[in-house]
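Consider the two complexes below, in which subunit A is the common component and subunit B and subunit C are the respective partners.
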Partner chain A sequence: MQEKNLSSNNFEQCIKCTICTAYCPVVAVNPAYPGPKQGGPDGERLRLKNKYFFDENLKYCMNCKRCEVACPSGVKIADLIHSARRRYSVETPGLRDRVLAGTDFMGKAARPVAPLVNAVMSSKVVKDVLDVMMDIDRNRKFPKYKAKGFVSWFRKNAQAKQEGYSRQVAFFHGCSTEFQHPEVGQAFVKVMNAVGIGVQLLDEKCCGVAMVSNGLWAGAARHARHNVSVFKEAVAKGLPIVGVSSTCIFTMRDEYPDILEVDNSEVRDSITLVERYLFELVDSGQVKLVFKKDYRARIAYHIPCHMEKLGWSLFTKALVQMIPGVSLTVLDSSCCGMAGTYGFKKENYKYSQAIGEHLFGQIKALSPDFVCCECETCKWQIEMSTGRTVLNPIVILADALDVDATIAANAAPAAAAAPAAADAIDG
Partner chain B sequence: MKFDVILIGGGLSSLVCGIRLQKAGRRCLMVSAGQNALHFSSGAFGLLGSLPDGTAVQYPLEAIPSLPAGHPYAKIGVGKIAEYAAMAPGFFESCGVHLVAAAAAADPVLRSVRNGFRFTATGTMKPAWLAMSEVAFFPTEEALRDSDGVPVESALIVNFAGFLDFNARFIAEGLEKNGIRCRLETVRIDDVERLRKNPSEMRSVNIARVMTREQNWKGFAYQVKELMKGEDMVVLPEVFGLGGELIPQWLSEMIPAKVTYVGTMPPSVCGIRTQMRLKEAFESAGGTFLLGDEVLDPEVEDGRVLCVRTSNLGSMRLVADSYVLASGNLFGNGLTAAPGEFREPVFGLDVDYPQDRSDWYDPDFFAKQNYIGVGVKTDGAFHPYIAGRVVENLYVAGSEVGGCNSLAEGSGAGVAIMTAFKVADGILGRQEPANA
Partner chain C sequence: MRAEFDVIIIGGGITGAGTARDCALRGLRVLLVERHDIATGATGRNHGLLHSGARYAVTDRESAAECIKENMILKNIARHCVDDTSGLFITLPEDDLDYQAVFVKSCLAAGIKAEVIDPKEAIRMEPSVNPSLIGAVKVPDGSVDPFRLCASNVLDAKLHGAKVLVYSEVTEFIKDGDTVRGVKVLDHRTGEVSEYYAPVTVNAGGIWGHRLAGMAGVNVGMFPAKGSLLIFAHRVNNVVINRCRKPANADILVPGDTVCIIGTTSTRVPYEECDNMAATPAEVDLLLTEGAKLAPGLAHTRILRAYAGVRPLVSADNDPSGRNISRGIVLLDHEERDGVKGFITITGGKLMTYRLMAQMASDAVCRKLRINADCITARTPLPGSRPGGLEKVARKIWEVPTTVQKAVVGRVGTRAATLSPEDDYAGSLVCECEEVPVSEVDAAIERMDVHNLVDLRRRTRVGMGTCQGELCACRAAGRMAQASGCTAKARADLKSFINERWKGMYPVGWGDTLRESAYTQWVYSEVLGLNGKI
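This part shows the complex of A and B:
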């Protein structure tokens, strides 16, 4: 009698209940996709017999993990699908997929000529050409590259004073902070420094999530091995690895071992998202946040799929709700449809927008001052599709923070800092 | 992280308990390892359909005093059950879940709840207490043949071409036993036809998702009207209510006959809707719901739970004054079975089960199965035991509670709701009735 599972993805536990299908955003809009149950555990039984049962249409899976979150039996359905793509797919990623997956390479190439690239990429003619030649949908808006990246800003403006702090973190900034949204990294440094924590950079490579999506397995695994070895050095020095993008953090904690088979067990528990890191410090009374009295905002919180999978949205909610002038509405959890590079592709664009429709409708109806969300590609999708601004929670916290009061509250002993600490929120 | 109450499990019982507590001002955290049994709901809630010996029950409250002492209803007491039963429809209504009951006079109290009947996916009539609004539910077995005073003599059963989870022949057989002539038809809707490309995923909920589009349900209604040949009743699969109760109502108005929706094989469309509404009610009252996470590594000392942890939150200690375990039975992994024993996997609570394995099951698949009745041992207030010692700040609710065979009795939802109310009252420190 079999009492134990044989596989790490638990596929033997599937009872065919179809709950995964009920929550799959792709099945609802794209009939070419075989669906999580068929593509995952059902298909795996066949594939184990014969690899020719592999279905290339599994590429339509967005890897949002909503099937896994819903599964009552603990089956890692999306892992099954992506491991199968890795093992059996015979399609070679083309130029388009390599360009989309090379987030750091493309960022570095575009930076010296950023204004030109941004202008060219928003021109209709270029979009039409890309649509026809490269199957990148002409309706998609491209995120703007910045001429100056986060790292050069950091080296010039922040690095020198970091050694002065008694506590330190290693910051995994990710590609979008470096190339498109340096303000997210600047906000991170501002908040960390205000609570008395110094920031150190890592010799990081792209987490690899876009390469996983585009079938560039060897490259993704290479990045994973590099990052894990860099993290090991940081952890040995007692530094936690703190990031600002839910997708990077999720990928490095879970996709490295589950899909790329890169062992991260020594560092996994040290890889965290800034919202969780900060919440734990505040909750345990180790740091205090003091916010501006006149900060006012009506914020809608979109929980990205990978944040759902991490299960950490409660930390973001708790932190943002600490800001006195904020009214926060948590949106009905649903996928925005972007899924990293998925929504750029011509064959997916229509489905991508259909998947996000429910979310866009909620945002438009609510008409908040802005949307809060930890994932940069959700940001691109929501901004393009609703016209609303989307801010990373750390940017909101940094904007609302009364920096001087926070520095005072964290520097002085609690009793001495009474005037500032009176408004401080502690655990 | 600190909460007033941590609830383990995210199904009917946990949600009812959590909503009551959260609305009473307690800060609740609910942790659910994946979705729950509401996704397999028949669309109706049973309180007590038959006694343990198989005798059919017409008035559930009247039958409760004859239940054995270890039965969860016996622990709660008939007085409290009557009070909770009267409260339940209003409670669900306030969460956006509209439930229908079979009419009964308020007096005497023990006859204030009367079983109605739901018409099942296999064409049989089963007793039920409350039903989700669009589900085929009748005050008496005879009412199946009644359409506003006019006898139903003929029925048209309509299915989607290629949909295997709605067995029209079983349903026809059941109706014909009741003297109703049946005719079977299928319809094709473009959006549903597209789903057929992938037959293994052509399931109730996928059809329900495309049927929320106006052109589809209207097109469906027109096709049904075309197919009708003067039948008194039209029987449809229950795949129209995912977004709300309105589309099934509108369909019923468009089709010129008595329209009866019959549940499909799982997943249950109205069950999923109910789960979504209850979760919304819990969250909008301020509760925190963690889906896809699992409670592990509890610390228990001197008969008290000190904290729990979860797989997603890692080493973080989650602390509460009270804890509720409502993570289901074997089906929901609230209990696990090995060849020699049953276990409760989170806390290692004492479980009540027949020692001789041959008593766990009957080789006749359709007979009453004892393993269904296996559950956690509890005291009168639903506190469990670890190695014979009561755990004072932990409560058990729902199908995880032992002492009854809910499948054989038709009491699954009733036990889930009644134990949830009772546990919530216990946590809120409300008065125990004298007979408890």
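This part shows the complex of A and C:
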């Protein structure tokens, strides 16, 4: 008998129950995609025999990880698929894929001429040209670049007073906060400062998720190594790494070791999302949040796929429900279809919209004041497809926060109670 | 009913199948009779090692020289059955490194290209190998799919006019004085007994040839040596790994199709037990312990099943294990040996040398028939084995082959062109683990003497994957019912198939294999509602 019979080959734990395929959003709409079971554990046996059995159609995997969330045997199915793409794909990423994957490069290039870029990218003629020349679907709406980024706002308006706080966090703002949605970073700073926590920036690079999706493995691994080394310095100083985008945080915690083979074990447990970080502080009595009495909103919460994978949506739910005037509806757990850069691509556009259809219908029927969601690309997809505004939960919290009352509540000595019970809950 | 042939061959293992093909290619009217399905005996119960001959180089040079010759022939005529993986003979710290020099010298003398390589190079070549090795020799070993090889020989025999009877048992030899004139055959499926006549009858019954010979009034002393093997759920190694020492237990790890196989043990068993072999717990332990010395990863790799077979060795001396009996070919002309005319026995030998055995037997048949016909099997590819590698063949048929199409080509070679799925249904999967589509299953049922799900498994690999029939068995039973028009029979067949799969899983029923079987049971009894009803 084998004493340690838990296979070192994780895919062998698959007992072929096929629940992963039942939960795969892509299989349901795209017959060319073999699905997580066939492309993952089943295909891996064939690929181990001969790499010729690799199926390029695995590129249709959105890496939403819903298969892994569904799997009762703990098989890392999407990791198997992406590792196979990394090892065996002979298709090289084209210009389109490189442009879509270069979130930080494109952001920096577009910023000085942001109004022009935004205007150009909204033009029908340009969209038609992109569709024909670059296979970026003409129906896709592009997120707007901001002329002033988050970091320059922070340096000018916030940095000076951060040292004054006794507790500090390192903020991983991510590309979308820097280039498209600086208000998310501003909200983060507002909330953190109100509860008495100072914010420090990191010398961060894009987390690399878009490069993983587009097959730019070497670039993604380079970013991963850079970020991990920067995080190590922060962690050495006792700072947790807190972010606002569920996808960035998920990528840096799990994709770095599992797909890119970059060791993040020293820092992984310190990488967290602001909702979890804040909830744990509130829950353990270390900080207090006081909200405006007149804040009213009917909010629908869409849980992004990577948030499902992290298993942290309960933190967001609990925090938003702390706001007295909020009525929160949690939408059915389903993928919006965007999956980062996936939905931009012409070959994926119709599948992307078909995948999101259920979600869009539910939002339209509910007609909330706005949708709450931690992921920026879900935001772009839902806003484009439903016409509803989507806000990051930290923006909602910042809007609803009674800043003066919160500062006062946290200044009181009672707030400094309770030790670090935060360790008790770990993803 | 009376039917005349030039030759009757008894035994649908690889030897009988090869002989049937050889005789048919020489233009003879051939009858092949098999009491179960083809490849049910030792043919289907071995490593599937395409020997370079290195294993026998030191102890049995004649066998070694035969092996390397046949090895090179099979790489040409049975491309779709063979995987040219190459092999390693490794020396571990507890082995005598001096043996390596003797080994290499013997290999070279037998015509086997044996090359001493640096242990580090061996690890680069095969990363799963035990990293504590102190010596390595590279040899032209490979793997061969015995089911596919046997079925291809039968198919080609049929394409050249041979008649094949499966589930048909020879119950009596029809003799005229001291001459065998033919056989009485009981069809187990219909219960009918028929008589078949031919001037020559060939006993290719393997270990069961002992009993056949007795029935014909001659004595062939066989030495039943049981060997047990374990199948791991995927390929741990892509290069055959052997121990560089005198042949012993569990010292060969062969990558075969999607799995890898460790074996074997060797124990003499009573002749009466040959029909009912199973691996014992002690053998499983031995295989695991010794196997992990070749590739440590085996200690925690999922095992799909355990099985055992009986080597058809011919008695020579009092060797209690049978290890030292020659694997050499034994051709007996019973007219010369025992005075029984029209009857020959071809035995001994091994899977590797089946073609040579068939050639020798067919030559003897032709001598008896006074026919002058040359053997062409050494240069005539089997059906599906026309030139071109997997990729080239697949691309010739489909512009961009899917994984399923690639898998079909991997199994049937150039014959895949005739199995091209016509619609989505024909292209959909029966077996997901091995990627076997409906079109391949239907073609096997129609053309390859498939009478039950176990036969189908031997032709197509349906049910050989990780799930061991969990998902594919009921679908395959559906295709069988479609073909036969009998649902009740298909349901009974489904039950016996699932039980046959369980028989192999039982000796290794722990970990994920146990979870899988529990889940399978739940699917069949609770979801499909077949509990006690089939």
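FYI, the second predicted complex is superposed on the first by the 404 of 427 C-alpha atoms of A that agree within 3 Å, B and C clash if a C-alpha of one lies under 4 Å from a C-alpha of the other, contacts with A are read in each partner's own complex, and residues count from 1 in each chain.
We adopt the following convention: a residue touches a chain if its C-beta (ideal position, glycine included) is under 8 Å from a C-beta of that chain, and two chains touch if they have at least 3 such contacts.
Remember, predicted model here, so these are calculated numbers, not experimental data.
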| item | value |
| --- | --- |
| Partner chain in contact with A:70 - subunit B first, subunit C second, else both or neither | first |
| First (subunit B), second (subunit C), both or neither touched by A:28 | first |
| Subunit B versus subunit C as contact partner of A:265, first or second or both or neither | neither |
| Contacts of A:44 with subunit B and subunit C, given as first, second, both or neither | second |
| Touching partner for A:283 - first (subunit B), second (subunit C), both, neither | first |
| Touching partner for A:310 - first (subunit B), second (subunit C), both, neither | first |
| Subunit B versus subunit C as contact partner of A:9, first or second or both or neither | second |
| Partner chain in contact with A:18 - subunit B first, subunit C second, else both or neither | both |
| Subunit B versus subunit C as contact partner of A:166, first or second or both or neither | neither |
| Touching both subunit C and subunit B, counted on subunit A across the two superposed complexes | 1, 3, 17-18, 34, 37-38, 42, 73 |
| Interfacial residue positions of subunit A with respect to subunit C in the complex | 1-9, 12-18, 34, 37-38, 41-46, 48-50, 52-55, 57, 73 |
| Partner subunit A, residues of subunit B touching it in the complex | 1, 33-36, 39-40, 194-195, 197-198, 200-201, 203, 205-206, 209-210, 266-267, 272, 280, 283, 288, 290-294, 310, 312-316, 332-333, 338-339 |
| Residues on subunit A engaged by subunit B in the complex (per definition of touch) | 1, 3, 17-19, 21-23, 27-28, 31-35, 37-38, 42, 68-74, 269, 280, 283, 308-312, 314, 317, 330, 332 |
| In the complex with subunit A, residue positions of subunit C that touch it | 233-235, 238, 255, 257-258, 284-285, 288, 297, 299-303, 390-391, 402-403, 406-407, 410, 429, 432-433, 435, 465-467, 470-471, 510-512, 515-516, 519 |
